[in-house]
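In structure tokens below, several structures.
Two complexes follow with chain A in common, the first pairing it with chain B and the second with chain C.
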Partner chain A sequence: MMSIKFRTKNVEVSYGDKKAIRDISLNIKKNTITALIGPSGCGKSTFLRCLNRMNDVIENCSIKGSVLLDEQDIYGPDIDPVELRARVGMVFQKANPFPKSIFDNIAYGPRIHGLASSDNELKDIVHNSLEKAGLIDEVKDRLNDQATGLSGGQQQRICIARAIAVSPEVILMDEPCSALDPIATAKIEELMNEISETYTIIIVTHSMQQAARVSKKTAFFHLGDLIEYNDTDKIFTQPDNEKTQDYITGRFG
Partner chain B sequence: MIRKSIKSRRARETRLKIYGITSICFALIMLATLLISIGLNGYSALQQAYFKVDISVNMDKLVDESGTINKNKMNLFNWDGLVKSTLREFFPEVKERDEKKELFAIISANAGYDLKEIVKKKALGSGSHTLSVWLHLSDDADQYLKGRLSIDIPEEDRRINNKQIAWVNSLVERDIAKLKFNKTFFTSADSREPESAGILGSVVGSALTLFVTVMFALPLAVMASIYLEYFAKPGRITDFIEVNVNNLAAVPSIVFGLLGLSVFLSTFGLPRSAPLVGGLVLGLMTLPTIVIASRASIRSIPPSIREAALGLGASKMQAAMHHVLPLAAPGILTGTIIGMAQALGETAPLLMIGMVAFIIDIPTTFTSSATAMPVQIYMWSDSAERAFYERSSLAILFLVAFLISMNLLAVMLRKKFEKKW
Partner chain C sequence: MTLHISSAFNEDLIHINGKIVEMGGLCEQVITNSNLSIKDNNVQMAENAILLDEKIDLLETEINESVIKAIALRQPVADDLRVLFSAIKISGAFERVGDLCKNIAKRSQLLTEEHHTDIRNQIFKLGEKVKKQLTKSINAYTNQDVKLARKVWKNDYKIDQMYTDLFENLLVYLRKKKRVASGSHLMIIAKNYERIGDHTTHIGEMTHFAITGENLVAVRPKVNLPV
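Take a look at the complex of A and B:
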């Protein structure tokens, strides 16, 4: 099934007078992993944050163009960003578990959205989310421990489990492995592969190897423009654009 | 070359360290001097001169048929006369009217009233009872026994004359008069007579006032800070609010008193001298302090926590209430305690709303007349009687103790709420 999940048309984001991204039009397929790559400051994170309206929080940030989720404009008047973010979850660059217990971290989303009608149901959701995130064996005996006491990689997987607990359709990941060691990174990549059958994943990454390893589609951003968007294999073997070629071969960035 | 410069750099460092230590020492010495001098002036107020009287009371005249004490009869009974006649038994040689007056001046003018209260408290049944009670000596006798009245000055300039001194000494020799722990100071409110005056009234007044202050200022300040930090759109209006909040913190406190007078008393018609009004005025005064501290505390919470909550689909409100506020609580609490400490020591605004009143009852409600501790100290220090001087010193120590315990509470609460990550 290769239907389109996100369809963006001429998206332009500016912070005050400064344009961060220009004229981005791209279609993101359902239940695949799409990687956004590019040098720092190219606007890939900005674009990612457009997809669940996290840019709304930033002062004097304005967005033009349209972003369609399942053919519905997420900037339309009848869309509540709160509801949208429940459908489009997010994992951040720096693992940011709440300074609460592991259980409360995972249970927070389901609690505020009222997804569980009983304590047992909530426990099931927490358990399933941790299982999907491949953490259950590591933490099942200490669900009441502080999540902030875990290792960096575990914390990031807690954040993924926390996002999964709300049963989103899309998970946005903003450089989720940039602060992790290779072993923790490998675990997260493995996890992404496993869950990509049920979730549409969009990942921003600085590591081209990571993009090559995990994603099916890759978009290359440069200075606020979308330079090239294609199958990952194609991008990394025979890119159409010279800039892409230069970037993936390490000539700049 | 480098070695030479290192030497001078090290010297500069040492000098700076010495400056720092010196200034800390200076501050500590000043503080110690202050506390010690107040302590030396005030410690004697912990004791009070009492004299013992053995009195027989016939309760038949004071109770109803049912045997319970009749208030009316109690009030009509001549307690003063009873105390005075008992005292005269010790000094049968005193016969003349003027001399009698001098003799009675060595005991508290409230002795009769105090005796009545003691009898009332004992709830004696009918029949005749013999009681042995300790009553206050007058403040002058008290000061003499404590050695605070110099007897070197000429008799006519003294508050206590030679005859009175002889009587007091004779009472002490007979073991009828002595200095005892001054319980009255901790259990009663203000009085015209220093020996009957206590701090409890103003402590309760301060506590009631501060309660209103916290209840009023804290929620308002927290809501205002959350709004300003997370909801307000940056622009002219927000800037205007921000500038004014900061300005408000610098407004002299008496202006808030005037505000309370014209708004709370004149416009809303709230009762005068009431802890309710005092609390509202002090609340307005501490509001900017708490707002500024709360905003700083909220701003210091890493945005990632808020983003995490928002990313899960929490509303702005939920992100603030569930995550930011609990984490910012220790900082907000610190700000609140600083504000409260400021409010506790504040006198000027309370003067404007009539809390500088002579109140002999311990306040029981938020609308009953009350004073606050600093006002009480101010009034006592203004009194002519020497015995009030040591009492105001002791009250200052009490105020400081109150402050320290408030700060301790703040530290404990902060420890409890503080989360590590």
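Take a look at the complex of A and C:
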């Protein structure tokens, strides 16, 4: 039986007076790709950001309920958000490499977290991260070039390599392919598939087909509520809830 | 059922559904014609059956093209995907019904001997039974009637039983008459009806799947067929 990586209980997030998500209780399995789907404003990105406390930096944002990572409350007093975000990395909609060299982009996290004791160790981490991200052959001869000079798809894979470099346990992806062409999208999806044995991946996507292709589990959100959470195969062939059916078949958006 | 945001997709689905219903109507006509061609050795009915089969074939091609286009353009999921998948399967079953009826009609014209009257009547009764079952399967699809679809699926054994009895009678009859050529045609005609019964079962199964998403996998009543 697969173990649970994240266990959320009755999570409620408000921005000021406005509740963005209500009563979300969800168990996310370890080393599995879970897709969060739903129309714009349904709360899926808000929920995703709860999982590494990215909502902490948003003014007026308050969170109730509990989010357990390996059964430990990530909102507990002993938790350092910076350390947490090393364990739970994030890749955003728009590729956001630092205005630095390819090498320094990947080396940045290991340096600030003190993960390498020597230059050679750091080089190994950078090399391995780029290899896992399927980028090494494309960039190995130009590691000192600016990362911002790469193509959109390559920049997004740099961001994934950057997340991988600090040896996270979980990678959160917030619409990572929405700005990419189909080929770059296919490469990211292939990469997700390859690394999912090592990492727990949670992806927010607006593409039904992408959710169906890459994930094992899918959660459907609507107007701040979790409507249905099930095996992806089941959700896309025989959803239990009529709202899920209406959404995935394009009957409302 | 809520409509899709894409009106073009709604229209595609309505169009495909309409073609399936039309195909079902033609299948009812073709089996009526083949039944009468057996009963009365009616040449006109046999010719009608042959012409109807051509129309049924054309509809199958049209449905296949429409479904392929809808899958390519809309990337359907859930009930939409099931409906389109079932459309291909059901139209395939109708196409086979048309072919088998045409074959029955053609063979009926090779049976000129009047002394086959009794056995022809028995085959006609089997044909009428199969026609009723076909009509039920079409009604189940048209009215999206899960209960009726399940009933059609379950009741194929009744046709199989009739066919088995008829087969025994045919053997006795042919041993007595010693007519190999016409005997072979009669055997194949009876078998064709039994196969049409199987296709109606499949239409029931696919209708059930399209509506519920569940495959009918339970054990259903069976008859040991002679061949």
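Throughout what follows, the second predicted complex is superposed on the first by the 252 of 253 C-alpha atoms of A that agree within 3 Å, B and C clash if a C-alpha of one lies under 4 Å from a C-alpha of the other, contacts with A are read in each partner's own complex, and residues count from 1 in each chain.
Basically, contacts are C-beta pairs under 8 Å (C-beta built on N, C-alpha and C of every residue); 3 or more make two chains touch, one makes a residue touch a chain.
Please read all numbers here as calculations on a predicted model, not as lab measurements.
Undergrad: Chain A superposed: clash or fit between chain B and chain C?
TA: Overlaying the two complexes on chain A (C-alpha atoms) leaves chain C and chain B fitting together cleanly.
Undergrad: Kindly classify A:Arg251 by the partners it touches after superposition: chain B alone (first), chain C alone (second), both, or neither?
TA: In the superposed model, A:Arg251 contacts chain C only, not chain B.
Undergrad: Tell me which partner A:Met90 touches in the superposition: chain B (first), chain C (second), both or neither.
TA: It touches chain B, and chain C stays clear.
Undergrad: In the overlay, answer first, second, both or neither for which of chain B and chain C A:Phe98 touches.
TA: first
Undergrad: So, A:Asp181: does it touch chain B (first), chain C (second), both, or neither?
TA: Neither partner.
Undergrad: Going by the contact rule set out at the top, does A:Thr237 touch chain B (first), chain C (second), both, or neither?
TA: After superposition on chain A, A:Thr237 lies in contact with chain C alone.
Undergrad: In the overlaid three-chain picture, which partner chain does A:Ala212 touch, first (chain B) or second (chain C), both, or neither?
TA: Touch partner of A:Ala212: chain C, not chain B.
Undergrad: In the superposed model, which partner reaches more residues of chain A, chain B or chain C?
TA: Comparing touch counts on chain A for chain B and chain C gives B.
Undergrad: Rounded to whole Å, what minimum CA distance do you find between chain B and chain C in the overlaid structures?
TA: Shortest inter-chain C-alpha distance (chain B to chain C): 33 Å.
Undergrad: Touching residues of chain B toward chain A in the complex: what are they?
TA: Residues 234, 302, 304-315, 318, 322-323, 327, 419-421.
Undergrad: Name, in rising order, each residue of chain C that touches chain A in their complex.
TA: That would be residues 2-6, 9, 74-82, 213-214 of chain C.
Undergrad: Mind pulling up the chain A residues that touch chain B in the complex?
TA: Residues 52, 54, 57, 59-60, 82-86, 89-92, 94, 96-99, 108-109, 112-113, 146, 148, 159, 162-163, 166 of chain A touch chain B in their complex.
Undergrad: Taking the touch rule as given, give the residues of chain A at its contact with chain C in the complex, in rising order.
TA: It comes out as residues 208-209, 212, 236-239, 245-246, 248-253.
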